[in-house]
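In what follows, structures are represented as structure tokens.
The two complexes that follow have subunit A in common; it is paired with subunit B in the first and with subunit C in the second.
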Partner chain A sequence: MTDPSHPPQPTAAGGRSASPGITTTGTTTSRRANRRTVALMLTPALLLLALFLVLPFLLSIGLSVTNYNLLNRRAVTLFVGLANYASILEDERFWQAAWNTARFALVTVPVQSALALLLAVLVNSGLPGRNLFRGVYFLPTVLSMAVVSVIWAGLLRAPQGVLNALVGTLSGGVLGPYDWLGDETLAMPTIIVLSVWQGVGFQMVIYLAGLQSINAELYEAARIDGASRFQQFLHITLPSLRNTHVFVVLATTVLAFKLFGQVDVLTQGGPLDSTNTLVRYLFNSGFREHRVGFASAASVLFFLLVLGITLVQRALVREDREI
Partner chain B sequence: MAPVSSRTLRLTSPATLLTYAAMLAAASIMLGPLVVMLVTSLKPDTLQIVQDLGGVAAFIPGPVSLENYKRVLADQQMPFLRFLVNTLVVVVSIVGLGIIVNSMAAYCLARRRFRGRDLLLAVIIALIIVPVESLAVPLLMMVNHLGWMDSYHVQIVPFIAHPFSIFLFYQYFAKLPKDLDEAAAMDGASVWRIYWSIIMPLSAPVIATVAILQGLEFWSAYLWPLMVTRGVEFRPLSVGVAQFFGQEPRQWGEVMAFANMASLPVIIAYLTFQRWFIQSVVGSAVKG
Partner chain C sequence: MAPVSLRQIRKSYHELSVIHGIDLEIADGEFIVFVGPSGCGKSTLLRMIAGLEEITGGDLTIDGVRANDQSPVERGVAMVFQSYALYPHMTVRDNMAFGLKMAKADRTLIAQRVAEAARILHLERYLDRRPSALSGGQRQRVAIGRAIVRHPKVFLFDEPLSNLDAALRVNTRLEIARLHRDLGNTMIYVTHDQVEAMTLADRIVVLNGGRVEQVGTPAELYERPANRFVASFIGSPAMSFLPAQIAALDGGRLTLALADGRPIPTHHRASEATRLGDPVTIGLRPEHLAPDGPGSAALPVEIQDIEYHGDRRFLYASAPGANGLTMAIPGGRPFQVGDRFDARFDPTALHVFDGAGVALPV
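After this line comes the complex of A and B, so read on.
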């Protein structure tokens, strides 16, 4: 069907003749049409990404060196250099928010990952009814964090609340009652508990897939060698799940750093800023106080932090793989 | 026969009983808060509810009544149905348009050759880690200048193109056998035809994965709609439920009825398509 008297023209269409067989079978015009179609099909995604991801990203860097304020737009916006960054780094509330966010991540990530693995091992036991349990454990992850926060608010009432009653009964009246969300030292641990409750099913499903991809013969061999269940878990299951651990820890860490919804609904960052987070900090300065320049600088710092964590974790993984 | 007998043995072994006990304990922790929500929402007496929420009576159903639900639905200040429609419009638009836009781009990246393709792919993968939270303030300024505040499109347009969805589509398309489009191209099928009539019909699993992940993400979206909606007209459920909860004096029966109704659509979707939900989570983790 291809006309041999019309070899692919090296200039316009056939320039990149490394293209696969798909395009070489068509005529020059249909090839040109194909390239136009490809460009058209790429355009919506690229345009939207450029406008709503890349542009705001560049804007946040640009605005972060100005004193731009959304309220008095007519006032002159001035270049202020790194002044915003300097005042953020001098702001005790920023460091408090950063520490709270880090604290949340440092506890949530290992606890949630370990519980997720435990649930996955339970569900993977092959017992009848396991799919029902799997379904139940995953259920809270489909609820929005706002709904989860509201439900938990009902349980966390103090001094007379459901959780206090349970803790009191289980401890024989020794413990409690606690002011779960009103006590400076308890508010963040409480936020952690309900966040783990909501999110653990997600990681469980990922671990479950990891468990199911482990070669059953490994266990068979270990059993013949007389390894106990715990030894099998320690020496087969855990090492075989390396890639799964990496994904779960990475994804949970980044999610943890975005902590906002549950705090906004339940504590508004209180008491005494003990649950204020980085996202809440930039939300307050940019949205509540309209200090766009200042908040942009905080956004850039937040982005750099997330980027840094991702890169460090990836680097650690790479080293691990080389061994 | 051997496996059966060993199974029946295992069912009563101490290890099995222990596993069941652990699974049941975990299940009651996961379901407990939801039981309290449901039970409380069905109790008619406000005073009784407050008293019951002070102890284990919160788990025990009383006389069943839909009074709280009626009151929530009749509330003009906090129109539940309006919030629900708003959420549905936003989520369905993002997911529907997102599937088309992201799969088109991924198809070109995975199955066509053009200059700069590898660079483009690398950039899109790098964009996955940019947290929306770090863009919220400059994005707010942009949409404010555009006059987009308080609308549906301000909640939809910025989130249609989704680097992670493009990546998931890319990964799936790249694994489909190449001779599919080659054969079609021989028959004179256009690029668009190959994408629309050959590739997409084979891609139900990845479409479901992307739809569920992106759908859940924006069903729960909270920060952005909190910033860009000022009245109830375009406000989604997630912000609506938080505001309903914030009203004083707090009517727990109504709050729980509201929360329950706000969860029902997604719980029903989950129970109906459970396998797909679980599959999509697994799909999200199988990275490069």
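After this line comes the complex of A and C, so read on.
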């Protein structure tokens, strides 16, 4: 709609309708050539995706209705229908793993996202040494989870690890020593802290990119309007990062559900299954117990679960394409 | 509404000094325009008045109170930015209400002020839209509305029209002039467009390299530019310049000699430093030089370019010792590139600048 008090400007209208796409001006032949180029460039990526993602997934759907077993090669592989699914859903250890995974995700997603945003804002605020901090926070992200876990295993050792020494000294010997990984109530919180520490740098970098794309004049306008630093954060920064929030929360959720490495190295799912996770559950049944059909069914269930959560999240927080 | 006073205002970024001590008294309700070439410090000066940029030295007083260390809100200023800087995730209504909300104003007062601004700026129909669903001109008016609702003492504008196309620019220029008439606030307006400066300003401040070249009404700057910089900056098309020499100083009035020796008697007086034989520059507005005008002085010219502007034409010509002389003539007699003739001018209408570019007194 145009304002009646200002006649529509031909330049503005022209600028809007002429999209940068090639198709608006292209003839049929050039459009066909264009389509061929697109297909040609997409093919390698699509082939790889098909080979390493779609095909294995279809295979596991197929395997999930069999009793295929890696060790028992000579036994005939039989169609068992939904028997694998039924026994998974009856398995208490599955539900324990699902609950642990959910617990982990429910804490890490908000905590890690909020912490990442806080660090990004601090690093972005022009404090001295900000490049150093950016590097320091990002460093754990580039380390392999196995390496991180081994380092932390040393720190967390009970009763004479570094962390226990620290807690003991700070509390004047009143607190500790704690068995960080061996105690049923402490193991999961410990895993959560370690995971947040390791992963927060990744989200921080994404938030940093988001922060740097905010028009600096908005903050000046807000200063003129009398907004304090905190009000600027609330009314400019947070809403401007909407699309970044959506991405960070989705990505962190998926990463949280994939929890495996640190648990497998540090606690082997224990004590008493208190840190066992869905990925570790299906990994164990497939590669340690060699029940491939059973594990495939677990992985299909896992896929459906993550898909469902992602869809719900997407529906709740829609990306705002207007901004 | 408030007077604003600048005393020896300076700005430097670390070692680099960009504003070198500016003195200026702005009266209550005055419309002041800062004009000057790119990089001369217009925005920096405005942003220091706004409170967005720290003042390195000097005193800024708004409404009788020293404002150097006050926040923008304490100063009572509102600002319209070149890129509008509207909050993209807020509706037009919320954009305009934001400042009052931050000030914890009463809700009915906010609603009333927003309605008032929307009425003045013809924005009633767009109050629930986001800025992204508005045209450039509408966004500009929202930005102005955001400034109006706060009833500021001083309005600040930083090149508010430069993102609009030509037709809309004229329109919005008129709206801003009307706004100033209706509200009567002190307004400080930055532009590099001398037409905007001439049409809007009560007084213009011409800046160059972080210094004030001249302060005056549009007519003063046009008719009595203090130096060659102001003379060439104000006026479109620009003033033409001719080299000359001081040929005689009879009775205080100067007689100049053009490059070909032709004598030109003028109204101008010598300054103390003027000596016989000094090189000077003659300045002529396009409307004061004509192919067959009434003037008593003649200048042999050759036409190099012709521009048709509908109501009139601009002839660009060369003369002995000078290029790019501009004449503005009404339609009528046809001219062609290469034509030679004696252009005429009135010696009392010309400007004379000494070797340092300073205007000689009349």
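One rule holds for everything that comes next: the second predicted complex is superposed on the first by the 263 of 323 C-alpha atoms of A that agree within 3 Å, B and C clash if a C-alpha of one lies under 4 Å from a C-alpha of the other, contacts with A are read in each partner's own complex, and residues count from 1 in each chain.
Keep in mind that, in the parts below, contacts are C-beta pairs under 8 Å (C-beta built on N, C-alpha and C of every residue); 3 or more make two chains touch, one makes a residue touch a chain.
Computed from a predicted structure; not experimentally measured.
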item	value
Partner chain in contact with A:L186 - subunit B first, subunit C second, else both or neither	neither
Larger contact residue set on subunit A - subunit B or subunit C	B
Touching partner for A:A83 - first (subunit B), second (subunit C), both, neither	neither
Touching partner for A:W152 - first (subunit B), second (subunit C), both, neither	first
Contacts of A:P140 with subunit B and subunit C, given as first, second, both or neither	first
Subunit B versus subunit C as contact partner of A:H235, first or second or both or neither	second
First (subunit B), second (subunit C), both or neither touched by A:A209	first
Which superposed partner A:P44 touches (first subunit B, second subunit C, both, neither)	first
Which of subunit B and subunit C A:G226 touches, first, second, both or neither	second
Set of subunit A residues, in rising order, touched by both subunit B and subunit C	none
Touch list for subunit B against partner subunit A, complex	11, 15-16, 19-20, 22-23, 26-27, 29-31, 33-34, 36-37, 40, 53-56, 58-59, 101-102, 104-105, 107-109, 111-115, 120, 124, 127, 129-131, 133-142, 144, 157-161, 163, 166, 178, 181-182, 185-186, 188, 190-192, 195, 216, 219-220, 222-223, 226-227, 237-239, 241-242, 245, 252, 255-256, 258-259, 262-263, 266-267, 269-271, 274, 277-278, 281-282, 284-285, 287
Of all residues in subunit C, those that touch subunit A in their complex	50-52, 71-73, 77-79, 81, 83, 85-90, 98-99, 102-103, 122, 130, 132-133, 135-138, 146, 150, 165, 167-168, 171
Footprint of subunit B on subunit A - complex, ascending	16, 18-23, 25-26, 30, 33-35, 37-38, 41-42, 44-49, 51-57, 59-60, 63, 68, 70, 119, 122-123, 125, 127-130, 133-147, 149-155, 157, 160-162, 165-166, 169, 197, 201-202, 205-206, 209, 229, 244, 247-248, 251, 254, 257-258, 260-261, 264-265, 279, 282-283, 286-287, 292, 295-296, 299-300, 302-303, 306-307, 310
Contact footprint of subunit C on subunit A as seen in their complex	2-3, 5-7, 9, 11-12, 215, 217-218, 220-227, 231, 235-236, 239-240, 242, 320, 322-323
